[in-house]
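Structure incoming, see below.
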Amino acid sequence: MTTRLEKKPSDSHVVMTELVLPNDTNTYGNLMGGRLMYWMDIAAALAAMKHCAAPVVTASVDNISFESPIKLGNAVHIEARVTRSFNSSMEVHMNVWGEDPTQQYRYKSNEAYYTFVALDPNGKPRPVPSLIPETEDEKRLFDGALRRRQIRLILGGKMKPEEAEELKALFNPQTP
Amino acid sequence: MTTRLEKKPSDSHVVMTELVLPNDTNTYGNLMGGRLMYWMDIAAALAAMKHCAAPVVTASVDNISFESPIKLGNAVHIEARVTRSFNSSMEVHMNVWGEDPTQQYRYKSNEAYYTFVALDPNGKPRPVPSLIPETEDEKRLFDGALRRRQIRLILGGKMKPEEAEELKALFNPQTP
Amino acid sequence: MTTRLEKKPSDSHVVMTELVLPNDTNTYGNLMGGRLMYWMDIAAALAAMKHCAAPVVTASVDNISFESPIKLGNAVHIEARVTRSFNSSMEVHMNVWGEDPTQQYRYKSNEAYYTFVALDPNGKPRPVPSLIPETEDEKRLFDGALRRRQIRLILGGKMKPEEAEELKALFNPQTP
Amino acid sequence: MTTRLEKKPSDSHVVMTELVLPNDTNTYGNLMGGRLMYWMDIAAALAAMKHCAAPVVTASVDNISFESPIKLGNAVHIEARVTRSFNSSMEVHMNVWGEDPTQQYRYKSNEAYYTFVALDPNGKPRPVPSLIPETEDEKRLFDGALRRRQIRLILGGKMKPEEAEELKALFNPQTP
Amino acid sequence: MTTRLEKKPSDSHVVMTELVLPNDTNTYGNLMGGRLMYWMDIAAALAAMKHCAAPVVTASVDNISFESPIKLGNAVHIEARVTRSFNSSMEVHMNVWGEDPTQQYRYKSNEAYYTFVALDPNGKPRPVPSLIPETEDEKRLFDGALRRRQIRLILGGKMKPEEAEELKALFNPQTP
Amino acid sequence: MTTRLEKKPSDSHVVMTELVLPNDTNTYGNLMGGRLMYWMDIAAALAAMKHCAAPVVTASVDNISFESPIKLGNAVHIEARVTRSFNSSMEVHMNVWGEDPTQQYRYKSNEAYYTFVALDPNGKPRPVPSLIPETEDEKRLFDGALRRRQIRLILGGKMKPEEAEELKALFNPQTP
């Protein structure tokens, strides 16, 4: 099977819906953060696999802030798509909402980026198709991916802060 | 909170995606039918709750035929929406596909109808909004709902075959 | 190993008991229909395997009506046995009860038919032993299996209503 | 509701069947002992509740020896019934078998005794009905219950070995 | 890989912490005994594997008395270590506590002994390293292991009471 | 109950051990990242609750890089402790290792920071005790907590990069 060398973000679009059951909640009846990150990992991994047509492993997870708590008996909606691919890795963006179906009310829970690496049959990294953004929103996510990658490398101890050109500009916007 | 008296099928649209894990499979590495019916029940219940803005219970499940087996490591996609509402019950239609993300291959698993009853705070049936179909496909599902309801009533022992006018015509198409 | 060519319904008798835990229930503290269908699938598959001495897959599920809800903390009892075998498939009948052990109260939940196909080591359908009913009840279930099979074929789109001789008679009982 | 003051062992008879799934097994594909003890606890608790018509808690578990391992894909059958009741506690005996349905082969896994205490609505121990054994087997289990109770009390540090008259005789059978 | 022929109890020390979730509890909101025995089996198996550097299976479980119930939302702490090894088997001792983190309160739940057998690649028992106790507490557990082993053999029907020299002395302390 | 106004990192020390079972792994037999983040959330929440003696919710998760994959059948060890507290929130640091008990081999998986908010009985944030670091390592983690907090606030859109004095210095180390 041949895999196309270029993919669009919509090719990797995944929509997941889960129902919050008792075992997913803490003593306040709110969805536990760890359970949500578990579902997000599966949704994002499926999006990455749709992009690269290969098995993937989670390489890193960016900062996540949990906003409104999601309640017992509510639904969780996760929308995932690849924002940019590098040599053998892909960044996946997710939007997460809670929904109280009996109140007809939908609320933002969080937004997140997970990064995956594609593996060949020996479990070694393999090249992945390029991603060509189409909409304005997709282009904005594509452009921001470089900056987020520098943050990941610095926070993971694999790049020195002074080498991160994009971030340096961010912290010294007045510098000519 | 007031609930609109009429709803469209798209108002209750739910998309669920699950990953087939080892514990979901039989000794051939295929998704067990019971595990799939469990996920379908949750997807359909969420669709019904979106229609009626109230808690629901599963009242009945129509005949389901499982076509292509869904494999370990594949994704399951369930699309659910309400097809017609009766006094306090709603019929939900689902399309179910398997998807092998590494082979970029998507296949039909089955199609099904679940029926739910809306409950008031005392756990008694309560009225639900009407459903107004819009597309050709939605109208076809809406029209067929009466016939499927007669089958359910007959199979559940609550209607005699000779009282089912719609079905009688079906079995004697040549009758004037 | 040789398998007997004929089996009795009692050879495939399976009794399963489960306890309804919090994660099995909806917001009213009632067992979710999907969770019950999952347990029924396992009980019925075990009955089918006892009949044919081979792995099986779920082929179809007949209409199920859920009567009394089963409560959190109650027991679920499922009794399954094969009612009739066809070339490579078997129909399994189940009776399902709930039981509140602290109230010494047992109540009917539903009755259902699941159909399974026996598989050979290559995952292809293989012949199964005949079933010889013994009791009056087993004979009644055996006789009804043909009619239920026609309904499955019609509802699955594999038979035209006017070809279903048994059902035609049912809908036109007065026809000579 | 009145509860009878005397019960028979058959009144508390429970039959449970489970299928061994991948997550229940160790790296050799055998059912983990802890998973089996979990199922046995539920089967035995249901038997105890049927005897006393009240909620129960596990008080103790006697020595269990695991004989033949139960394999992935096999069924587990647990048969439980109360053997004797004391003031507010009940001893439950279980027989556990594995079954390979494709090989038509059933094998003994282990035999065990769990003890439960009945609770009143405040969570305090409450009296339970007496047990009247009927068959020879039930009488043998009833008689042995006293000796097992002494072992439990000694092993739990609540009785001194020299006070256990039944056991002393066991260790000095020749003593006049 | 060579395995040392002698190990210390501290080499096999395992600390496990779990949170009691809704599905782990009975109707009183207390951790079910069977769920706790499941966790204990995993903690003890990990300790045994650390001692023998090989896969293990649960051979037997000694009498367990459950003292204070562990509540929903509390933590469970299990500390396991090998107390003595025999030819191909190892006895593991565990201390189990509950902890209410919001009340800063820690309480003893139970103490237990599980026995494991080490397996070679064919699933047959294989020799395990000796255990050399170091602290007073470890020596006490090491010495008691022989007596507990006789109890296991007698209760498992593999030794006659009158052959158990250690236990005979226990039941007749005054005998010269 | 009164809660001490100052706590040491060792007061909140939690050690968790889990066994990687089939359902926790992807198609390569490696622990899924989402499952690990779930366990980490529970370990970190228990550490935070030990610090503040109150229920907590996950507020945010810092960047996590997954290094060596953890294999099926291996153990996961998570060590968590609070590094610094703010008004009503606490940062928890975790070290995560995998361990192959049959190979006597232990390897680093990742290191992470989760942040939790303490809640009063109405579900509103409440003050938490101060943390007084003691060892060199604890002081280093305590000092870094301010910088990590600025990163969280910037990445969560709650602080402008140019306001983050600590980070500005990091990106322009040569500035006087």
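Order as written gives the chain letters A, B, C, D, E and F; numbering starts at 1 within each chain.
Operating definition for what follows: a residue touches a chain if its C-beta (ideal position, glycine included) is under 8 Å from a C-beta of that chain, and two chains touch if they have at least 3 such contacts.
For clarity, every value in this text was computed on a predicted model and none was experimentally measured.
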Task: Mutual neighbours - chains that touch chain B and chain C alike - done: A, D
Task: Longest centre-to-centre distance from chain D, chain (CA-based) - done: A
TODO: With over half of the numbers shared counting as same, classify the chain A/chain F interface as same or different.
DONE: same
Task: Mean-CA-position distance for chain F and chain E (Å) - done: 31
Task: Centroid spacing, where centroids are CA-atom means, of chain A and chain C in whole angstrom - done: 43
Task: Of all residues in chain F, the ones touching two or more other chains - done: 22-23, 26-27, 42, 45, 55
TODO: Kindly provide every pair of chains that touch.
DONE: A-B, A-C, A-E, A-F, B-C, B-D, B-F, C-D, C-E, D-E, D-F, E-F
TODO: Provide the residue numbers of chain F that touch chain B in the complex, in ascending order.
DONE: 22-23, 25-27
TODO: Quick one: which bits of chain C touch chain E in the complex? Just the residue numbers, please.
DONE: 21-23, 72-73
TODO: Going by the contact rule at the top, pick out the chain B residues touching chain A in the complex.
DONE: 1, 3, 14-19, 42-43, 45-46, 49-50, 53-55, 75, 101-104
Task: Residues of chain C touching chain B in the complex - done: 26-28, 30, 32-35, 37-42, 45, 55, 57-66, 69, 114, 119, 123, 151-152, 155-156, 161-162, 164, 167-168, 170-173
